[in-house]
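In the two complexes below, subunit A is the common chain; its partner is subunit B in one and subunit C in the other.
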Partner chain A sequence: MTKHSTLSRAEGWRRRAPLLPALLFTILVTQVPFLLTVYYSTHSWNLVRPGSWEFVGLQNYLYVFRDSQFREVAMNTVILIVGTVLISALLGLGLALLLNRSFRGRGVVRTLLITPFLITPVAGALLWKTAMFDPVFGIVNFVLQPFGVGNFAWVSQFPLATVMVDLIWRWTPFMMLLILAGLQSMPEDVLEAGRVDGAGPIALFRELTLPHLRRFIELGVVLGAIYLVNTFGAIYMMTSGGPGVESANLPFYIYQRAFLGFEVGQAAAMGVVTVAATIVIAMLALRLIFKSFMGAQEAA
Partner chain B sequence: MATIAYQTASCLYEGAANPAVDRLTLEVDDGEFIVLVGPSGSGKSTALRMLAGLEDIDEGNITINGKDMVGVPSKDRDIAMVFQNYALYPSMTVAENMGFALKMRGVPAGERRRQVEQAAELLDLSDFLDRKPAKLSGGQRQRVAMGRAIVREPQVFCMDEPLSNLDAKLRVQTRTQIAALQRRLGTTTVYVTHDQVEAMTMGDRVAVLKDGKLQQFAAPTELYDAPVNAFVAGFIGSPAMNLVPALVTSEGVQLGESTLPLERDRLAALHRQELSSVTVGLRPEQLEVVPAGQGIDVRIDLVEELGSESYVHAHLVDDRGGASTRLVARSHRRAPGRLGETIGLRHGAGSVHVFHPDTGARIDGEEMSARVGTGV
Partner chain C sequence: MTDPALSGDTTSATVRDTPVAGSAAQSRSSADETRPRQRARRKHRGAAVIWAVLAWLAALVFFFPVLWMVLTAFKYERAAYTDPPTLWFSPTLEQFQAVLASGVGTTLLNSAFATLVSTTCVLVLGIPAAFALSLRPVKKTKDVLFFFLSTKMLPIVAVIVPLYVIVNRIGLLDNIWTLIILYTGMNLPIAIWMMRSFFLEVPAELLEAASMDGASLWTAVRRVILPLVSPGIAATALICVIFSWNEFFFAVNLTAVRAQTAPVSLVGFITGEGLFWARLSAASTLAALPVVIAGWVAQNKLVRGLSFGAIK
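Right after this comes the complex of A and B.
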């Protein structure tokens, strides 16, 4: 190693030094708990049974994979994420297309459409549970009354679907904003060239607009999915995961196991499995967006 | 193959005080290459976009082959357009770009490929058919845009400053290629440019626009030799024609100390209009550099050496009032004078152009006006 590079290494550390507190803090609040979780996951430990602390190796993991409820909850998580992301992306695309044309009061309409994204998740979930879906005084049943719908209990009949409705309501504006940004960066002359080349509105959308929007939609889907993995508030407020675990997702089920069942060891093992699966899926998804945006940069 | 006619066609942008294109009337013959030229904001691009169906025709109409185009969408007009920034479809390959119009028309894939390959060969693009536009150079993109237009064999080509994004050398080269291609295909072409050299070299006829109004529509040489007004005179030709105010005397017009004689019937026309001063137009090549005292005395401000010739920029020496009168003269000799030196300029070959001092309209004698016609 030459003298020059040692010097620049020292210089490098001096430049990085102001960032170190933040790095230490991040390690302290994310990596240390994770390592602790891994450690707990190899023990059988129930808080309400004093003296239950015992090293069990990978037994908790075996239990997790044999647990049919865990499998059901994992499936719920997938349905919740995929369903919410796809439906909100479609709705967002539709709204973005409508907002991309000029009309009177467009600014007001745009602001109103964005508000669901700005409302606290817990407050939004409470609104859907009570003001909208309540069997007796909910707006949904009030509106559907003329069609012969009585005091239908939406939340208890379709727990997962009603949670999804709340999440779609919140995530549609996010998708809409991303896609709208994509639409507004669409070069006007390319569309004009398409019109002169004989393309009607549908062909223009399919052949030119949609390929241009692809990377914006991909970005929305991946970011949306990453946020939706952690959904907790909506489930806690609307259904508490019930009935049974019908509307619970992984974070909620782990919470139940750890803080209602006090099965720290099992909950820790579930947490580790969830984190590992999330990392794998997120990496694949992020690679997809980076590829798509890098490719697009060349085109720009 | 098509004829085009603009009939008092106007385009009004919302909120604008004056129409972008104001009662434009133009008749384009079948197979003709016409150029719309003018400074920015003259409405030339708008006029073209009205033909392409990208702007509304608010008044009057435009016909292609006698068929009224008001309200007809772009896709049903059978025209091809080359855009200034090419507007290639970024997600498609060169071949897909060129074949897009055929695909929209429902031409089967095999036939499409054959026609695209044919056009690609013509434009030297055969090696790039599978590339995306992002991987092409500016000149190649320009050729793809041309290819996209010619593949479909449209009735009309519309070209909106297609050369303005190329470097100077490539521009000259592509200019001749486009003109040759158009002669070969014989497709009626409307070409928009702000570059008067392109207009002069490419067009069968050139329409000069200003503030949305047609100034003159004529063959390039006629625009050069007999501009209908001071604007056309100043716009066509490089360096621009010298347009200087001058007093009318009994023999001609006075420029500096010397008098440029005018024909009798032109003088008569000036007297009929009771003008005491006019705008005189002299092309740089109509002024010869002579020793001081033998012509109009001027002082040299700048000499531009082009190698084959040089341009002398100078101002009148005896200029008494206000803005000094500037003149540009072409000299075949190198270094006809030095900066600050006083030389003489003499009116050489060719007739002096005379324009009305206020309206800028050309003033001709009776004999001349009969020969040139009225233009607009």
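Right after this comes the complex of A and C.
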């Protein structure tokens, strides 16, 4: 009995050994800093004021919730994520449907379409800010000229919206790829059976294709949201969060607080609030990924 | 806009409707078709052309900004600023030369170093971990997987403040190894999930058969399993390359001059050099090129990486 259990314990460690380095490393790099963030958030600490380290309890959090700028920024973050994710998902669905048929040069079309997702985000943002949205020399105003749009200053008039254009341009290919994978995993015989039953193309799409795609669209939406919470480069490059905080999101605002205002305690408290707010989406994402993954395993 | 799209949808779906040929074999018509069907087929072919044209148009719209960036990179500054924009110009390599002379070359090397070393670290740590979570699973595999995934759900801003304080205190600010460690941590969960999904495709009996032949576990893994999953590992590596090369947040906050990466080098163009579009385009092109190529190569596995292996 004892011998058996020590044996299995040895076997357990043999199995665990390859996992441990990665596990320890990840805990060290991600969890320890987060715990420190929580710790810092209960202190008043300004990096450029020596000796300013002081325990203040939950005061930073009170400050954060009273800060009207923080509320505006939080709202911006929600608009940015929801707007980008929804529009990208719709456009991505359209593009995926276009690509889910064979035609000459389909591979090239797909390659061209995924390129915006690959371009270095800061380079893409700069490109939109200058070559595309410039009031005088920009392509957007040139294209819109016949419609009576003069030298309109898009970035300064609609800062948040122009940032979103850049983000939608970048994330539509992501959605397209996920939904296309869904379309291609659609069993042909189901559609065939639907046709035999005399269903029209629109009915087929609504009753068969869309339900099948649901898992893929959901996954695209939650993953897109998770990745988009971290949006930083686009705002940094295009608007610097301005005017005021009109186009700032939480990462950018926290960055300003920590690295331009040096208010470590407050920035940390905002970081903790951001995490708390994302937990809802995160749990949804985790469940979906797990469900898809375990479902695929059962099917295999 | 919606109307033609809608009617187009109807006709296109009828293309797939042809009962004789399945969607894959729809192109060639069989000989015994009746005439009305032939007429219908011709109409469907017309619809298919319209759909193909639409797809091409969409691709060009999405690709246009990139194309314009590359074109502008080959212009002289005065040709970059014209109203209306010019498509025809005499190309020059002047901008690339200027950009490389101004030190962007160093930042490209920094990016390459950080990307390659961190990707190697991810593989060294990740391959054994993925193995221990798939073929020879540890107890509580599910919990460990959940943990790895949940770290990707943590917004990066939640860790940047203490990271800055720590890195500053131990004197690793503006050091490329700081980025290497952080990029490894950033990509490791994705890589483990993705590689695990490849490991799971290996039949478990294979490992048992190999180890029953008397080979040690290590030999069995090296000789039998690794060759089978190597395409998956390559795809995983490419995904890690894309993410670490494009990373901006850590790089801009934790580096200054010595360890500056290519994306951070572009920041100069929004302030001092903001008016040199052609030069900016050349720098952007150089900074974007490596990952665009990596992404094109890995495009079939891109979905799998981005969805943590949940979607094949």
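Here is the rule we use: the second predicted complex is superposed on the first by the 281 of 300 C-alpha atoms of A that agree within 3 Å, B and C clash if a C-alpha of one lies under 4 Å from a C-alpha of the other, contacts with A are read in each partner's own complex, and residues count from 1 in each chain.
The rule we apply is simple: a residue touches a chain if its C-beta (ideal position, glycine included) is under 8 Å from a C-beta of that chain, and two chains touch if they have at least 3 such contacts.
In this text, all values refer to a predicted model and were calculated from it rather than measured experimentally.
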{"item": "Which of subunit B and subunit C A:187 touches, first, second, both or neither", "value": "first"}
{"item": "Subunit A residues touched by each partner, larger count belonging to subunit B or subunit C", "value": "C"}
{"item": "Touched partner set for A:131, first subunit B, second subunit C, both or neither", "value": "second"}
{"item": "First (subunit B), second (subunit C), both or neither touched by A:37", "value": "second"}
{"item": "Which superposed partner A:212 touches (first subunit B, second subunit C, both, neither)", "value": "first"}
{"item": "First (subunit B), second (subunit C), both or neither touched by A:55", "value": "neither"}
{"item": "Touching partner for A:195 - first (subunit B), second (subunit C), both, neither", "value": "both"}
{"item": "First, second, both or neither for A:65, with subunit B first and subunit C second", "value": "neither"}
{"item": "Subunit B versus subunit C as contact partner of A:23, first or second or both or neither", "value": "second"}
{"item": "Residues of subunit A at both interfaces, subunit B in one complex, subunit C in the other", "value": "192, 195, 200, 300"}
{"item": "Subunit C contact footprint on subunit A (complex, rising order)", "value": "12, 15-19, 21-23, 25-26, 29-31, 33-34, 36-37, 40, 94-95, 97-99, 101-106, 108-124, 126-132, 136-137, 139, 142, 169, 172-174, 177-178, 180-182, 185, 188, 191-192, 195, 200-202, 204-205, 216, 219, 223, 226, 229-230, 232-233, 236-237, 250-251, 254-255, 258-259, 264, 267-268, 270-272, 274-275, 278-279, 281-282, 285-286, 288-290, 292-293, 296-297, 300"}
{"item": "Touching residues (chain side subunit B, partner subunit A) in the complex", "value": "52-54, 73-77, 79-81, 83-85, 87-91, 100-101, 104-105, 132-135, 148, 152, 158"}
{"item": "Complex interface listing, subunit A residues touching subunit B", "value": "187, 189-190, 192-200, 203, 207-208, 211-212, 214, 298-300"}
{"item": "Interface residues, subunit C side, partner subunit A - complex", "value": "9-10, 12-17, 19, 22-24, 26-27, 48, 51-52, 54-56, 58-60, 62-66, 68-69, 72, 80-85, 125-126, 128-129, 131-133, 136-139, 144, 146-166, 181-182, 184-185, 188-189, 192, 197, 200-201, 242, 245-246, 248-249, 252-253, 262-264, 266-267, 269-270, 274, 277, 280-281, 284, 287-288, 291-292, 294-296, 299, 302-303, 306-312"}
